[in-house]
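One chain, subunit A, links the two complexes that follow: it is found with subunit B in the first and with subunit C in the second.
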Partner chain A sequence: MISKIAARVPNGGLIAFFVVMTLFFCFFARNFATATNVENILVGYSFIAIVALGQMFPIMARGIDLSIGSILALAGMVVFDAILIFELPGWIAIILAIAAATLAGTLNGLFIVILSLQPFVATLATLAGYRGLVYAISGRQLYPELATTPLRDPSLAWFNEYYDVGAWFGLDAFITTPWIPASFLVLLVVMVFLYVLLAKTPYGTALKATGGNKEAARLAGLRVRMIEVSAYAMSGFLAGIAAVLLVARLTTSTEALGIGMELTAIAAAVIGGTRLLGGQGNVLGPVLGAFFLGVVLIGLTLMGISQFVQQMLTGAILLAAVGYDAIRRGAGQ
Partner chain B sequence: MTEDTKSDESRRHFLKSMALGSAVMGASAVAPGLPLTKTSGAAKADGHAKQKMAFIQWQPHTVPNAWSKGIEEVLNAQEIFDYQLLDGQNKVEVQVSLMDTLINDGASVIFLQPIDSVALAPSIASAKRRGISVITLNIDATEEHAAHVEMNHYFGAKEIARVMGEKMGGTGEVAIMNAPPGIIIRDQRTNGFVEGMAEYHPGISIVADVNAEWSRQKAQDALNTVLASNPNVTGVYGVNDSMALGAVDVAKQKGILDQMTIFGNDGERDALESIEAGELTGTQYTDVYQQGRFAASAATVMATGGISARDFQSQGTLLMPYIIATAENVGGIQEAQRW
Partner chain C sequence: MSGEILLETREVSKRFGNFVALKSASIAVTAGKVIGFVGSNGAGKSTLIKVITGAHAPSSGSVHVRGKEVHKADPALMRALGVACIYQHSSLVATLSVIENVFLGREMRGRLGLVSHKAQRVQLQEIMDDFGIHVDPDVLVSTLTPVKQKEVEILKALVANADVILMDEPTAWLSLSEVSNLHTTIRKLTAANKGVVYISHVLDEVFQICDDITILRDGTMAWTGPEADIDRPKLVNLMVGEALGEASRAAVTSERRPRGTGTVKLATDKLSKQGVFHDVTFEVNAGEILCFAGLIGSRRSEVVKCLFGDDKPTSGTIISKGGVKTFGSPAEAIANGICLVPEDRHTEGLCLSHTTFENTVIPSLVEVTNRGVLMRKDMDAMCTRQITSLNILPPDPAKVVGQMSGGNQQKVLLGKWIEKDPEVLILDEPTVGVDVGAKAEIYAIIRKLRDEGAAVIVVSSDLEEVMTIADRILVFSNGEITTEFDAGEVTNDLLIHAIGGGESA
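Right, the complex of A and B next:
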């Protein structure tokens, strides 16, 4: 009965593993089971969850976006330049940044479908290209004195606010509840939007069909090239939103922002059950994957486990997730 | 209690007192303005609960490794601290997350090598609100904190320019093997060198400034390109030792080492050995173990003295002493000082 229920729940295995690991750290990691730690996990991994959701789209279309970290840096630098150099209001800077990131993602898709490039190769090239562009437009290079000027715009600062949601529901009378960061609220809004997009619109079905079997999708009349481009555009769009959250938290942007983020995002998406062979994925998976990585890393840090062991364990978890996916597929065939 | 354990106890107390004494001296050097007399450090040092301290490094490298060893030497002598070295993975968001984790865990002092001066400022402010002292190493933060212990990047680089220019006879062309832009110490080490050359040796021109990404391998490629377009280059300044050693590799390969004057910066073991072998001309040497010890000494005083980060009126800063190591004086750097 339980196994039948678990089989029907999306990401049931990951949820169970997540709960077990969380309970383990609650008992064995000092100060893990605290409201402050929950706040830290929520604020530290919400933007990574959004990047992972972005990465999910190209993977679902049987591609990959290696440039997602560079796009994040590009959007971050647009915010920096717009506010500090051009003195634009924060909300305009945010729109420009997300637009720039979406454009960068769209270009990735166009390179792939028009030039018939492998997604790995195309986005590896733009990983370098967009990073170079970040250096070229960097306000920190053009005006070195700005490198030590924090971003204080109120629109941007909102994304780093915290809300005492527990008090709204009267829970604070019984337990110390964590304050919920605005970045997590943004993540929830993004999740709802993406859920509707993927599960309730024809676009979601078309994306899965394209990733599952592109030729069959084309023969069925789907505009697969357009769908592929849109997947990379979504990846860029979500990287732009993540960049805004990150820049708000750091009160600045740097040229090196987001380096290595693509690997974390791919890991979170894959741990969350997104198939690297395309055609499969859901909104909950990458989010769980991102927070799972966060719980493990913070838990191990609080236990005083060596940094090198932490990296080995992270690799092992990724291997286990991919292995589990392969075994499950094998069993299903 | 047996005689042996009594003896161990008194020895431990003696060591503790010695360590505390040296910590006070170290902290005085670091931050003369600290209110050290406000509370007594000895009373808390007798407590049983271990206090947590951690160092968030930029990424694994010889320099932070040596700092960490210096820090551990001082903290282990106290026997009242748990110390942890954490890897920032060269990602500012990871450093911020680790800061949050340590603040939540109630660390008494956090040592930090910030990747960015501004990006870590909110985390430092958050630590300060919780009474947690932050000591930065090499890269300062825009948010005032307990103390900052730094290699003397600017004046050291200026001094490198003076000595290098003398070795070159006051004329010639120089190439800089540089780090990627956007890092404060890169600018300090570059500006100090450029301004030093202009001041001491106006007859020397800097004809190339290329990004070799801190890497020996990249510096080899970069210098080969530079020499192809600037065959008259006879001087190379590496913003760190790895890049200078990459330049040495190229000069040896081309058989022009005897015509080249090559300086690095940092003073790591490989660079000192290269100077002794007559290959690298010189480098700025800093005793990085000692830098870690100074930071740990200050931290010890803060933690055992119950000094909260909120007590600080102003940030203490210590610029580390250095020497320009060349063939003439490198032998004076003892084995225990090499890292």
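Right, the complex of A and C next:
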């Protein structure tokens, strides 16, 4: 009975594991079950969840985007330059940054489709290329005096707001509820948008079909090349949004922003059950995967476990998630 | 209006590099009629179909829909013009559910342009009820059997509500009763004034269902006309030439040798796999061809997988070379002289993106290795030997297997194992999608192996095939052996009766 329900809920196994780990830390990690700590996790991992959602698109199309860390830095630097050098209003800086990130993603897709490059190779190249571009446009290099000036702009500052959602619903009378950070609300909006896109529009099926069997998709009359490009554009677009959240929180941007982010994002997507072979994926998975990583890492930190052990544990979780999935699939046949 | 010409090709040709796959083919699909394309493997049938659906751009010539020329045809445009196709090789997306596949690229829209899952469900149910097809709309296609997958492809074409429906070997994986279901469906379509193109290597089917027949040979149209104007021998001669036609007729009347030389090469005792098959006991002798007959899904493939070490039985024994063996892996079975030519050449048999050369030498790498180094000359010799002895076309070791026609792919697959010189050769559905000429050649190869002392097991759901090559027949039903026949003593009707389930075709 329970297993039947679990089978109907996508990511059922992950949700269960998530709950178990959370309970574990609630009992064994000091300060884990506090409102402040929940806020920390929400702030620290919302943008990672957004990047992971972006990464899911190329993976669903049976590709991968290794360049998102560099795209993130590119978008961050656009915000930095626009506000500090060109003194544009924050909302214009945000739009420019997201547009730049989307363009970078689209270029990835065009390289892959037009030059028939393997996604791994193409985005490995742009991983280096975009990072170089970040240095080239870096306002920190051009105007060293600006390097220590914090980004203070009302539009950006909004992303650091907290909302007492608990009070809106009158829950505060019963328990202390964490305040919800604006970045988490952004994540929720992104999730709803992507859910509708994947589950309710033909585009979602077309994307899965392209990843599952490209020739079949082509013969069904789908514009598979356009769809592939769109997956990378989407990945860039979401990396752009994540960059805005991150820059708002740091109140600055650096050339090294987001280095290694591709690995975290791929890990979160895979832990969330996105098949690396393409053709499958849902909105809940990468988000759960990201927060799962967050819960584990912050929980371990609170328990005083060293950084090295944490990294090894992250690796172990990744193996366990993929292995579990492979075994379950094998048993299902 | 019946008799109206729905679709025409005028003088279309198709070249792949220097190779001409199709030369000035002109055909017409008429409302309310079924036109059959016949021809040997590589004759260009699928190529013609793909030109019609826009999957291949023709090198010259034109395609006309209802008298209007279609420029720059592509799959999306041709579909919009009412042309639907069941392709020879599955064009389903395994990671999507049945209903998602059926409506792929033609989703029904509801409010705000969003997909209306409810409306899709209702329409699919209506069509399934109409045509007597039953599939669970929510399961993933990857979990379905080949037969069910074909049904999904048929549903896909029906939902498109197309005027012209092309079917490229739709019955290759269907059993007799399912073929007759499909034919009923086709008759309903023609009654509704649709035009149907039907391709099959089973000539009986072609004569049954088609109103007109077009024979293709080496990319050119060898004959076209009403079905009533041609008989089977003439058709076979036009397809494959007099000599092979003769061979194919002679194959039926060759001598039978039940139990061969009497030396048992492989035997089982009460071999069982829980929930799959039980108490399978048989022996196969050197110099005989033992056929496993039965309906598709009677678990014969599962049995031979156990014989080959690809799967483990839960009880019972396998006796090979005088001793009881348990094969933990195919490598162990091969070491004991047992080879299996698997049923699905695309997923299990061949590396499609590799060449004939590479595919042929893969299982025999040890034989062509000298002190750890591969001997290029031996490998070349091995490959050339198979190409000539099996008459593989084109006879080019560097040809990518995925670009060859179905029959020739099957020959490459066969050659790859024959090169191992097996003592026991197991063939699972060896001639699905293979033309009459190549079938005769493959039968001759199998007989030659038998005469050289190999024990051969052939799993086949094709009655004609069983009747043609078997020395002895075991009938399987639901994972059990129900009857045994010596080939000499059995008639077609007796066999159909023993297999059960399917009415005589």
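By definition in this document, the second predicted complex is superposed on the first by the 332 of 333 C-alpha atoms of A that agree within 3 Å, B and C clash if a C-alpha of one lies under 4 Å from a C-alpha of the other, contacts with A are read in each partner's own complex, and residues count from 1 in each chain.
Heads up, the rule we're going with is that a contact is a pair of C-beta atoms (placed from the backbone, for glycine too) under 8 Å apart; a residue touches a chain by one contact, two chains touch by 3 or more.
Quick caveat, the model's predicted, so the values are computed rather than measured.
Asks: Are subunit B and subunit C a fit on subunit A, or do they clash, once the structures share the same frame?
Replies: Once subunit A is superposed (C-alpha atoms), there is room for both subunit B and subunit C without a clash.
Asks: From the CA centre of subunit A, what is the angle out to the CA centres of subunit B and subunit C, nearest 10°?
Replies: 130
Asks: Of the two partners subunit B and subunit C, which one touches more residues belonging to subunit A?
Replies: B
Asks: Scan A:34 for contacts with subunit B and subunit C and give back first, second, both or neither.
Replies: first
Asks: Would you check which partner chain A:279 touches, where first means subunit B only, second means subunit C only, and both and neither mean what they say?
Replies: Touch partner of A:279: subunit C, not subunit B.
Asks: Quick check on the superposed pair: does A:256 touch subunit B, subunit C, both, or neither? Answer first, second, both or neither.
Replies: first
Asks: Should A:215 be classified as contacting the first partner (subunit B), the second (subunit C), both, or neither?
Replies: The answer is second: A:215 touches subunit C but not subunit B.
Asks: Contact-wise, after the overlay, does A:301 reach subunit B, subunit C, both or neither (first, second, both, neither)?
Replies: The answer is first: A:301 touches subunit B but not subunit C.
Asks: Check the residue A:205 against both partner chains and state whether it touches subunit B (first), subunit C (second), both, or neither.
Replies: The second partner, subunit C, only.
Asks: Could you say whether A:246 touches subunit B, subunit C, both of them, or neither, answering first, second, both or neither?
Replies: first
Asks: Minimum Cα separation, subunit B versus subunit C, post-superposition (Å)?
Replies: 36 Å.
Asks: Same subunit A residues contacting subunit B and subunit C, which ones?
Replies: none
Asks: Okay, in this complex, where on subunit A does subunit B touch?
Replies: Touching subunit B: residues 30-31, 34, 36-37, 40, 43-44, 47, 135, 138, 140-141, 144, 147-150, 160, 246, 249-252, 254-257, 259-260, 294, 297-298, 301-302, 304, 307, 311 of subunit A.
Asks: Note which residues of subunit A are touching subunit C in the complex, please.
Replies: Residues of subunit A touching subunit C: 196, 200-202, 205-206, 208-209, 211-213, 215-223, 275, 278-280, 332-333.
Asks: Using the touch rule from the top, collect the residues of subunit C that touch subunit A in their complex.
Replies: Residue positions touching the partner: 53, 55, 74-77, 79-80, 85, 87, 90-96, 100, 103-107, 109, 113-115, 143.
Asks: If you look only at subunit B, which of its residues touch subunit A in the complex?
Replies: Residues in contact with subunit A: 82, 84-87, 89-93, 96-98, 100-101, 103-106, 115-119, 121-122, 142, 180-182, 184, 187.
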